[in-house]
Amino acid sequence: MPQELAQLLLNLVKEDAPLGDATTEAIIGDVEVKAVVLAKEDGYACCLIDFAEALRVLGLNANALKHDGEYFKLGESLMVLSGNAKLILVIERSLLNVLSIILGVVKATREVVEMVHRVNPRVKVAATRKTIPCLRSLIKKAVAVGGADTHRLSLSDALLIKDNHLAIIHDVEGAVKIARDKATFMHKIEVEVSNVDDAIKAIKAGADAVLIDNVTPTQLKQIINTLEALGLRNKAIIEASGGITPSNIIEYAEANPDIISTSYITMKAKPIDISLEITT
Amino acid sequence: MPQELAQLLLNLVKEDAPLGDATTEAIIGDVEVKAVVLAKEDGYACCLIDFAEALRVLGLNANALKHDGEYFKLGESLMVLSGNAKLILVIERSLLNVLSIILGVVKATREVVEMVHRVNPRVKVAATRKTIPCLRSLIKKAVAVGGADTHRLSLSDALLIKDNHLAIIHDVEGAVKIARDKATFMHKIEVEVSNVDDAIKAIKAGADAVLIDNVTPTQLKQIINTLEALGLRNKAIIEASGGITPSNIIEYAEANPDIISTSYITMKAKPIDISLEITT
Amino acid sequence: MPQELAQLLLNLVKEDAPLGDATTEAIIGDVEVKAVVLAKEDGYACCLIDFAEALRVLGLNANALKHDGEYFKLGESLMVLSGNAKLILVIERSLLNVLSIILGVVKATREVVEMVHRVNPRVKVAATRKTIPCLRSLIKKAVAVGGADTHRLSLSDALLIKDNHLAIIHDVEGAVKIARDKATFMHKIEVEVSNVDDAIKAIKAGADAVLIDNVTPTQLKQIINTLEALGLRNKAIIEASGGITPSNIIEYAEANPDIISTSYITMKAKPIDISLEITT
Amino acid sequence: MPQELAQLLLNLVKEDAPLGDATTEAIIGDVEVKAVVLAKEDGYACCLIDFAEALRVLGLNANALKHDGEYFKLGESLMVLSGNAKLILVIERSLLNVLSIILGVVKATREVVEMVHRVNPRVKVAATRKTIPCLRSLIKKAVAVGGADTHRLSLSDALLIKDNHLAIIHDVEGAVKIARDKATFMHKIEVEVSNVDDAIKAIKAGADAVLIDNVTPTQLKQIINTLEALGLRNKAIIEASGGITPSNIIEYAEANPDIISTSYITMKAKPIDISLEITT
Amino acid sequence: MPQELAQLLLNLVKEDAPLGDATTEAIIGDVEVKAVVLAKEDGYACCLIDFAEALRVLGLNANALKHDGEYFKLGESLMVLSGNAKLILVIERSLLNVLSIILGVVKATREVVEMVHRVNPRVKVAATRKTIPCLRSLIKKAVAVGGADTHRLSLSDALLIKDNHLAIIHDVEGAVKIARDKATFMHKIEVEVSNVDDAIKAIKAGADAVLIDNVTPTQLKQIINTLEALGLRNKAIIEASGGITPSNIIEYAEANPDIISTSYITMKAKPIDISLEITT
Amino acid sequence: MPQELAQLLLNLVKEDAPLGDATTEAIIGDVEVKAVVLAKEDGYACCLIDFAEALRVLGLNANALKHDGEYFKLGESLMVLSGNAKLILVIERSLLNVLSIILGVVKATREVVEMVHRVNPRVKVAATRKTIPCLRSLIKKAVAVGGADTHRLSLSDALLIKDNHLAIIHDVEGAVKIARDKATFMHKIEVEVSNVDDAIKAIKAGADAVLIDNVTPTQLKQIINTLEALGLRNKAIIEASGGITPSNIIEYAEANPDIISTSYITMKAKPIDISLEITT
C-alpha cells in the first residue's frame, strides 16, 4: 500500500534527518524545483511506480518512467519529481538508499537466474530469509521481479524444519508427523536434511519439500538419484541450499534439483548506483 | 541504549514472524537450550556486547565473547546464549541478519583503511550517508570500529552544501556565507566542489571542509597543489569522494587529501557468514 | 514473544486508561496485594502461561494455573497474581477483556469440533480470516487449542483465489495458472468456487485446495461425488464454507469434505465470563 | 478524526497482510474497479461516513449510503467504493471485520434498549468497559447510535469505586470521601455496592451514583424502596448491573433503577454479516 | 505505569540522542558510577518514585529520596542513581528536562493555592487543558500534588460547552439540553458564559457547572450575587476563568466562586533548577 | 516535513482527546466553519506556514498570515482556517498549546538577543539542550527565528565534554585528545570548564570551543584576558554559560565572550497568548 511505503520513507527520513536538514534549512528557500532519479549504471526497474505513489502521499509530484522488470541503461531517467526543494532534498538520500538496494537485488537475481537457466531451464532459483532488515517485503518483491522464487516470506507462512529444530527433537520422521498434525492444511512443510537417509525419512513422513543443505553438487546428484531409484523423486520438491554462489551454482543446477536457494541474491547483491539530480 | 536495540530486534522479529513462527510453535515445546553464534569466516567483532545486553532485555541469557574490534577466526564462537528454545529460534534470523551486515562493514572498512594507511598513514577513510536503511547508528559504529571516520551521522549534525544545493542557488561563496550566518557555531560547514575554482571560493568564504567530488586522482593532486600554492591547503579539511573503491583508492591516497570518503565500506561490504547453533 | 504480548497489554491499558485510572489514583495507596483470575463459567485454558509471562514483564508476579487446553470449572482459579495494587487494578480490565474473548473462541471451537467429529472424525474444522481486529495471533492460537485448523493466518501466507478476484479476471483456469507461476513453491493455492464445473477447472489447473462456497450440504455431496467419479477427489483438498453454523454443520460434515471452515468459532463465540478478585 | 481511523485500518491491514497479499499480487493487475459493501442481514448503520472518509485518506473513492442509525435491509448497499483493485482487495477484510462488529453492537444495543423501553421508558440502558480490545471509541459510538448510554469511556473519565477497591480499603464512606476530596470537581463518583446498607453509606457520603451489583430484580426493587423511604432515592443515580442479559433485563427494568448496564451489548453482540462485492 | 514512563524517557532520549551520544561514546568507557539528582532551588517533590521506577525498567538502579509533595531545599538530593555511566549520561538531560518542568508546576500551583486560601479557603484553584504537549498526565499529577484541582484531563472526560461551540449553535439552553441528552450520565456538563443571563440559562437548563469567562472580579461578584438572589447559586458549580494570574487572583477569590481556573500554573510556571551530578 | 508535523498534531490530539471530544460529538453537527488564530498579545511569527501545511495534511484548509520572524500585534490574525467544525474543535487546543510555546520562545529569544546586541553586537546568544520535551526541533527553530544560535541540536551532532564526563575521567587534556581521535572530522569539540587553567588545557589540546561555566562576569573577563595574553583567545570559540538570565546577561556580554548560552529563552519563556475563534 502506498501509505505503508510512505511511512517507510518517513521513518528513513527520521533516521537521516532526526532534527531536520541543517544545510537545506540554512540555505534553501521555499522554491519549487524539478528533479530526476538517474541511473548511473545499467539495471532493471523495480517498485518505481510504488515509490512514485508514496512520494505523492508525501506531497511531491512524482512519476515513474520504467515499469517493474524494465531494462534501463546508465544515464537513463528512472523517475521525475517536482515540488518543494526542501522536501525533495530531505527525502533524497532515504529514497536513493532503499531504491539502490532493491535495484541491486533485481539485477543480481536476474544474473543468477539467467546463469542457471542457461544450463537448466527447469530449475528455479529462490531467495532465503537472509534479507536486509526492515526491507523484507521490498526485497522479496525484487527477487520476484528478478525472476526468482521468493521462498517463504517469513516464519509465519510455511514450515521449514531446520537443523536447529532437529538438534532439539532429534527425529526427522517424528518432526514431520507432528508438524503435519499441528500445521494448518494451507501451509507446506519442508525439512532441511544433509544426507539421503534423512531425505528419505522426510519424504516418507509426508514432507512437501526437502531442503538438501550444504552438500556438494556431486552429493546432491547422488541423493537425487537415490530418491529417483526409490520412487520418491517426485513425492516432494527438492531444494538445494547452503554455500551456493554464482561461482558454483551451475554445477548445482546440473544436478537438477527443483529449487536452488541462495542468499547471495539478497545479501551480496551490489546496490545499483543511482542519483537524484535537481534539473531546475 | 540496550532498550533501543531490543526494540530494533523486536521490530525485526515482527517482520520475520508477523504471526508467529509456524514451525517452532508446531514442533518445539517449552524447553531450555543453549546456543552459540558461530563465525563461518574470519572477521572483527562489533556490538556483540550491545546485542547480548539487548537479548537479556528480551528474556534470554546472552554473553558476548569478543569485544569491539577483536579479531575472530572461522569456527570461533562470538556469543553464547541460553533460554527458552522458542524464543531463541524466533529471534535467530533477525539477530543474524543484522549482525552479519554490521560485521561485514567492520571488515570491509578495516581492509580499506589498511590499504590506505599502507601508502599514506595520515589520510583518514570516511563513510558517507549511503547506509543500509534502519541501521544507521549500528553501521556508523561499525565504521568507527573498523578504523574509519563516521563522517556526519545525519543531515542534522553538520552542513554539507552539495551539487543539488548549488543547482538551486548557483553561488558557492554566497552559499557558504549564508550557511555560516545561519548555522550554529557548533556545526561545521563543508562544500562539495568539482574544480579548483570552486574549492578556492569555498575556502575563502570560510568553509571548514571541501569535498572534491568525482575527480581523478591526478586532478585531485592538481587541486591540492593549487590550494597549497595559494596558501589555502590548511585552511580547510580536504576530502576526496565520488566513485572511490578499493581498486582506485590507493591512487587517491597518494594524492594526499585529508579524508577519502567512500560508500563502498557501507553499501558494498559483504555480510560476514555467521550462524546460530543450538548446542543442547 | 512475551515482550510482544506485554506491548499488547500496554496498548490496551493506554486505551482503557489514557490519562490514568482516576479512581485508583484517588483512593488506593502503594500497597501490595494478591489476586486471582477466576472462572465464572466452565471452559478450557489458553495462553494463560503467555499472559503470566507478559504480566511479569510489566512488573507483576503472575503464575498460570492451567495449561493450554486444560478444562476448568466455574469457580476455579486460572491465574494468581501479586504486586502493586494500582498496577493490578489498571491492568485488570485489559487483561480480562482479551482473555475472555480468547477463552470464548477455544470453547466454541471445541464444541463445534466435537459436534463434527461425532459424525465424521476425518473432517477438520477450520477458522477463517474473520477475526476480532488486533487479536489475530491470539485468536488463531485459540482456534488451534480448541482443536481446529487455523487456516491461513493472513493474506501473506497462502493464495486463496476468491469470488472478488474472479469478478476481475473471470477465468478460473487462467487464475490458477498465473498463481502457480507467480507464487512461491512454498505457498499453497486454493480457489473459491460455487459449482462443480469451476471445481473441476480449478483442480485440473493445479489448485492445491478448492473452497466450495455457499452450497447446501446436498449440493456439496453432489459436487464431491462428481469429483470422485472423475478421479479428482484426492487431487485437491476439498473445503466447504459459507453460512455454516452449529445448526447445520453436521449435515456438511456428513457430506464428507476434508475441511469445513466457519467464522462462527471466531466471530460468534461468546466470551467466557472471568473476573479478577483481589484476595488480600 | 479521519486520520485516526485510517491509521486503525492501516494497522489492521498490517495484521492481515504483514508481507502483502500473495493472491492479489500474483493475479491482479493495476486495474480500477468499483465495489459495494452489502448487507447480508438487516441492521442499523454506524460510522459509515467515518469509514468512507478514512478510505479516502487511504487513496480510494468511497461514499457512505446510510447515516448513523439508519435502518438497512438484507441486500442493501451500505457503501460504494472505487479505485485500485489491489488496494480494495487488501483492505476488504480489515474493513469488514471491524464494521461487522460495530454494526452488531448497534443492533444488539437497539434491541435491548427497545426491550427495556417497552416496559419502562425512563430507564436508560448503558454499556460497560467490557469492550472488544482496540475498538473502544468505535464500540462506544455504536452503543450511542444504538440508543444506549456509553457509561464512562475509560478509567480516566470518572470514578467508579468497585469491589476490588473496597477489598483493599474496606470502608465505603471513607472511600467516597477520599474520592470526593481527591477527584476533580468535573468527575462524577460512583460506588459499586451489593446491599442496601452500603448503598445508603455511599449516597450519604456524597456519591453521585450507586451501582447495585449482582442482585436479583426483587432485591433491586427492595433496595430502591428502602432508599425511597429514607429520602435518598433521588440523591444519587441508581444503576443496576451484573449478570443482566436480554433474558432477565425486563425484570430489572420493572424494578425502576435509573440505569441498567450490561456487557451483553458490547461483548455478546453478533457481528452483522456484510460483504464487499466487486461490481466491475 | 512504570513501563509507560520508561517509554516516555526512551522517546525523549531518542529526541535528544537520535544517533547516540557522540561525546560519551568517544570518551567514556564501560564504568559503573553513582549519581544524584540535586535541587538547585527550593521546591516540592513530585513523581520521583515513578521516575525511579522507570529508570529501573531502563536498567539503572534508582531511588527516590522524597515523596510526592515533600518539601526540599536548595542543595538537597532528590534521587540517587547508579549504573552504567554511558546510560546515565545519555538519559540525564531527558530526565532533568521533564522533571524540572513538573516540579515547576507543583511549586507554582502551591504558591497560587496558598495565595487563594489565605483569603478564601473554600475556593479551589484548578488547572486547564493548557498544558505542555506530551506531558498531560504528569502535569495534571503535578497540579494535584500542588494542591489544585486537575479539572478535566482531556476532551474525553467531561463536557465543556465553550464560546466556539456557542458561536456555532447560538443557543445556551439548547446546547445544554442536547448535551444532557447525548452525554453519558457519568459525565458532567459545564458551560462557558460571559454574562449573567447566559449563566442563568445554563443553570436552568441543567448544567452541572458554569464557567464565567473573562469578567472582572467585580462583575464576577455581581453575577454570583444575582444567581444567589435567584436561588441558583448552589444549583451549579461556579468557576471563574480567563486572564487570571497571581497578580489578580486574590480579587477573584474574594468574589467567592467555587473554582478559579488558571493556565498560569501549567504554562507559566518556571521549571525548577535541578542537576544530575556524578558522584563517583 | 509537513507529514511529521501533522503526526505531532495527531499525537497531541490523541493526548487531548484519547476517546474523542465528548462535547463536540454531543452538540456539533457536520457543519463547515471558518476560524482564525488570533494574537492576544504582541509577538513574532514562527512556523505558521509549517502548521498551516500540517493542518492541510489533516484535512483542513489553512493559511498562514505571517512569515517567520514577522511582527504581529495584539488582535491580529495569524492564521485562517476552514473546514469541518468537529475537526477544527478537536485540534484547537493541541495547535494552540504548541504554537503558544513556540511563539513564546521566539519573543523571549528576541528580547534577550536585543538586550545583548545593544551592549555588544558581536556576541551571539545561544540556546541549550534544556528544551520542552517532544518539541526540540520546533523550539530550536524558534530560537533561530528569534535571532539566537541553536547550539547543538542533540547529543548526536557535536561533542561537549561536560563536568560529569570530567568527574569520570578527571583529565581535560586527555579527554580532548581522545575526543579528537574518536570523533568524526565533521564534529566540533567543546569543553566545559570553570577556571582558566582548564580553559588553557582544553584549548591547547585542540578544543574547538570552550564553555566557561558558572563564573561571574568578572571572572569571565579575567579568563578571557588571560587567554588573550597567552595568544589563545582566538584559538577557540569562547562560550559563557550557567545561571545567565536577562538580569545579568548584559554584564556577561560586556565581558566579550563569543557566545552566551542560556536556557532562559527555552525554559522560562512565557507562552504567547493566542486563541482560535470560530468566525462563522
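We call the chains A, B, C, D, E and F, going by the order they appear; numbering starts again at 1 in every chain.
As a working rule, a residue touches a chain if its C-beta (ideal position, glycine included) is under 8 Å from a C-beta of that chain, and two chains touch if they have at least 3 such contacts.
Remember, it's a predicted structure, so these values are computed and weren't measured experimentally.
> Which chains contact both chain B and chain F?
A, C, D, E
> Measuring between Cα centroids, what's the chain most distant from chain A?
Of all the other chains, the one whose centre lies farthest from chain A is E.
> Angle of the rotation mapping chain B onto its copy chain C, from a C-alpha fit, rounded to a multiple of 5 degrees, please.
It works out to 120 degrees.
> Can you compute the centre-to-centre distance for chain D and chain E, using the mean CA position of each chain? Integer Å is fine.
A distance of 31 Å separates the two centres.
> At what distance in angstrom does the C-alpha mean of chain D lie from that of chain B?
52
> Which residues belonging to chain D are in contact with no fewer than two other chains?
Each of 15, 18-20, 22, 90, 136, 153-154, 156-158, 182, 187 in chain D touches at least two other chains.
> Work through the pairs of chains, note which ones touch, and then classify the graph as line, ring, star, complete or other.
complete
> Over in the complex, which chain B residues touch chain F? Could you list them?
For this pair, the touching residues of chain B are 124, 126, 144, 149-154, 156-158, 182, 184-188, 190, 209, 237, 258-259.
> Tell me, which parts of chain E touch chain B in their complex?
6, 10, 13-14, 18-20, 22, 30, 58-59, 87, 90
> Spell out the residues on chain D that touch chain B in their complex, using ranges where they run on.
Answer in residue numbers: 15, 18-19.
> For chain A, which residues are in contact with chain D within the complex?
Listed in rising order, the residues are 1-4, 7, 49, 57, 136-137, 140-141, 153-154, 156-157.
> Can you list the chain C residues touching chain D in their complex?
Interface residues on the chain C side: 8, 11-12, 15-28, 31, 33, 35, 85, 89-90, 92-94, 96-98, 100-101, 129-136, 154-165, 167-169, 175, 178-179, 182-183, 187, 267-268, 270-271, 276-280.
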